[in-house]
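One structure is given below, encoded as structure tokens.
We just call them A, B and C in the order they show up, numbering each chain from 1.
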Amino acid sequence: MNLEQKIEAILFFKGEPMSRKRLSEFLGVGQIEVNESLEKLKENLKDRGIVLQEKENEITLGTRPELSDIIEKLQKEELNKELSKASLETLSIILYKNGVGRSLIDYIRGVNSSFTLRALSIRGLIEKSIDPEDSRRYIYKPTFELLSFMGVKSVEELPDYQLVNSSIESTAQNFSDELKNEENL
Amino acid sequence: MNLEQKIEAILFFKGEPMSRKRLSEFLGVGQIEVNESLEKLKENLKDRGIVLQEKENEITLGTRPELSDIIEKLQKEELNKELSKASLETLSIILYKNGVGRSLIDYIRGVNSSFTLRALSIRGLIEKSIDPEDSRRYIYKPTFELLSFMGVKSVEELPDYQLVNSSIESTAQNFSDELKNEENL
Amino acid sequence: MEAAETEAIKDSAYQIKTSAFEGPFHLLLSLIEERKFFINDLSLAQVTEDYLSYLNKLEEYKTDEISNFIVIAATLILIKSKSLLPNLNLTSEEESDIHNLEDRLKLYELYIKLGVKIKEIFGEKIIFAPLERKHDTLVFLPDERITKENMMTFAREALGRIPKKVFLPEVEVKKVMSIEEMIEKLTERIESSLQMSFKDFSGVAKTREEKVVVIIGFLAMLELVRQGILHVAQENNFEDIIIKKQI
């Protein structure tokens, strides 16, 4: 694999600006090689739907400026789509267990919730933060706007909060017991 | 701007799987044009850092499998690369049959697979959908996540896929006969 | 998974290290492979006893999964009986059971082999989807279905769908008699009456479980034949097997 392909993959994966310096450090190659490859990449992307964008020393991949109209239209449509049943279900779990990790949501729903969590987060219904107990994981909470939209000051005001919350807690207990059993194999 | 560029930009922006149908509706062009442009896009991405992945009627962009090591270093969330024996058996049936009901999985494995199916579904490696041939049943299919972990752009790239698929079809008749017998019990 | 499943069966002719979760096919396949056999009725007849001795061991601590093993045992015993009693006439249903077992085993073997290939490449060269894109514009787009009542209903429904005890098979199977129990019962009955019909002894089997019991009884009888206790005479192909005490 050549340097140009590597850079393209990295920028595509990260989706946010990166400095040339950081790129050369990360790839363990000199600044000159990185610059050369970036030139080649720019050339390669000439007729593509994505372009290399540069701001000061930071570079990123983005959609072609001429296509901004359809991208805006897409964004609007995606945002205004009806929430799926999966989204509403996931949201309800986050409301009744304020600060819940993805693995517990997945366990309760029996399916993987990654895409659903993204959709909820894009619409400003939930927010994620780093799990204080494990820095490689995130926990999810309802946003302040969501609570006020629902007319509650805190999640405790939700109907049957104690009941549903303790049911989630005991599920969490079963889940961690199962995980321990698996580890002891 | 041509269709291929538009599609590339849309897939890049979305960063998630999209159906061919949605693409053609959104762009207001026929399915045939979309398919043609996707073929061209695939061809153009041949020597790039990103690839087009396909699964039935869905498509998505991802990083090139050969660049796995580099991108993995950028990935913060932990990756679970372990598969139990039961998971391997179940996954090989689902991958090579590409859409299979639980009763057939159980029949081939000789054991009840519901626990394994749930665990794989929570990991996001398989997904269930309603059987198009019988709306009372579910069929299990590989997800993009599973194809990604296998480093393939489509199921056809799986080792010995064509070979195995033809040999399975001939033997599969017995199962459907047997399954029908069991239902009549 | 529980530790008991991985416990090896120490006193078996072959050291079988397998788990209940992996099921009867995995057990059969390892027995056949250890003897470097191919899958056919001959090799299946040869491994039947090892299979059954494993089944007996399994029953001691893992009653939940035994049904999977018993169903296959029934067919194995058919195969074994045919090899012990060459003039035993099998019904077409029994013939097709035997044929199906061979086919299923071959297919299982194929998927095991494919599983090995999957294991080799899984997680080696991963195609990564892009990370979540950061959005500059803060939006708040709720949905009129997000109400207090709806959210409670959704949460409760999701919680209600969690399988209660995922380790158990979904269908409860009646506890099946063990081979030992059956041998004891059979011996008692033989001693009390010199001649009896196998059908009398087993009753008329209707359900699958009952059929399994009949077959376990049949095996037990063959086991006794092997031990020289009984003499089995099947005088006419379609008649009952008459059980007599050997003199």
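Keep this in mind: a residue touches a chain if its C-beta (ideal position, glycine included) is under 8 Å from a C-beta of that chain, and two chains touch if they have at least 3 such contacts.
The model shown is predicted, which means the values in this text are computed figures rather than measured ones.
Comparing the CA-atom centres of all chains against that of chain B, the greatest distance is found for C. Of the two chain pairs examined here, A-C and B-C, it is B-C that is joined by more C-beta pairs in contact.
With centres computed from Cα atoms alone, the innermost chain of the structure is B. Chain A and chain B have CA centres that are 22 Å apart. One inter-chain figure worth recording: chain A and chain C are separated by 44 Å, centre to centre, where each centre is the mean of the chain's CA atoms. Taking each chain's centre as the average of its CA atoms, chain B and chain C sit 31 Å apart. Looking at chain A, one finds that residues 12-15, 107, 110, 118 touch two or more other chains. Residue positions 1, 128, 130, 132-133, 163 of chain C are each in touch with at least two other chains. Put simply, chain C touches chain B in their complex at residues 1, 19, 21-26, 65, 68, 72, 100, 103-104, 106-108, 110-112, 114-119, 121-130, 132-133, 163, 166-167, 169-171, 208.
Note for the complex: chain A touches chain B at residues 1, 4-10, 12-15, 26-27, 44, 47-50, 61, 63-64, 66-67, 70-71, 73-75, 77-78, 106-107, 110-112, 114-115, 118, 136-137. Interface of chain A with chain C (complex): residues 12-16, 79-80, 82-83, 88-89, 91-93, 95-96, 107-110, 118, 121-125, 143, 145-146, 149-152, 158-160, 164, 167-168, 171, 181-182, 184-185. Across the complex, chain B meets chain C through its residues 13, 15-16, 51, 53, 60-66, 68, 71-72, 75, 79, 81, 83-86, 88-89, 91-93, 95-96, 107-112, 114-115, 118, 144, 147-153, 159-160, 164, 167-168, 171, 174-175, 178, 185. Looking at the complex, you find that chain C touches chain A at residues 1-3, 6, 128, 130-135, 138-143, 145-159, 161-163.
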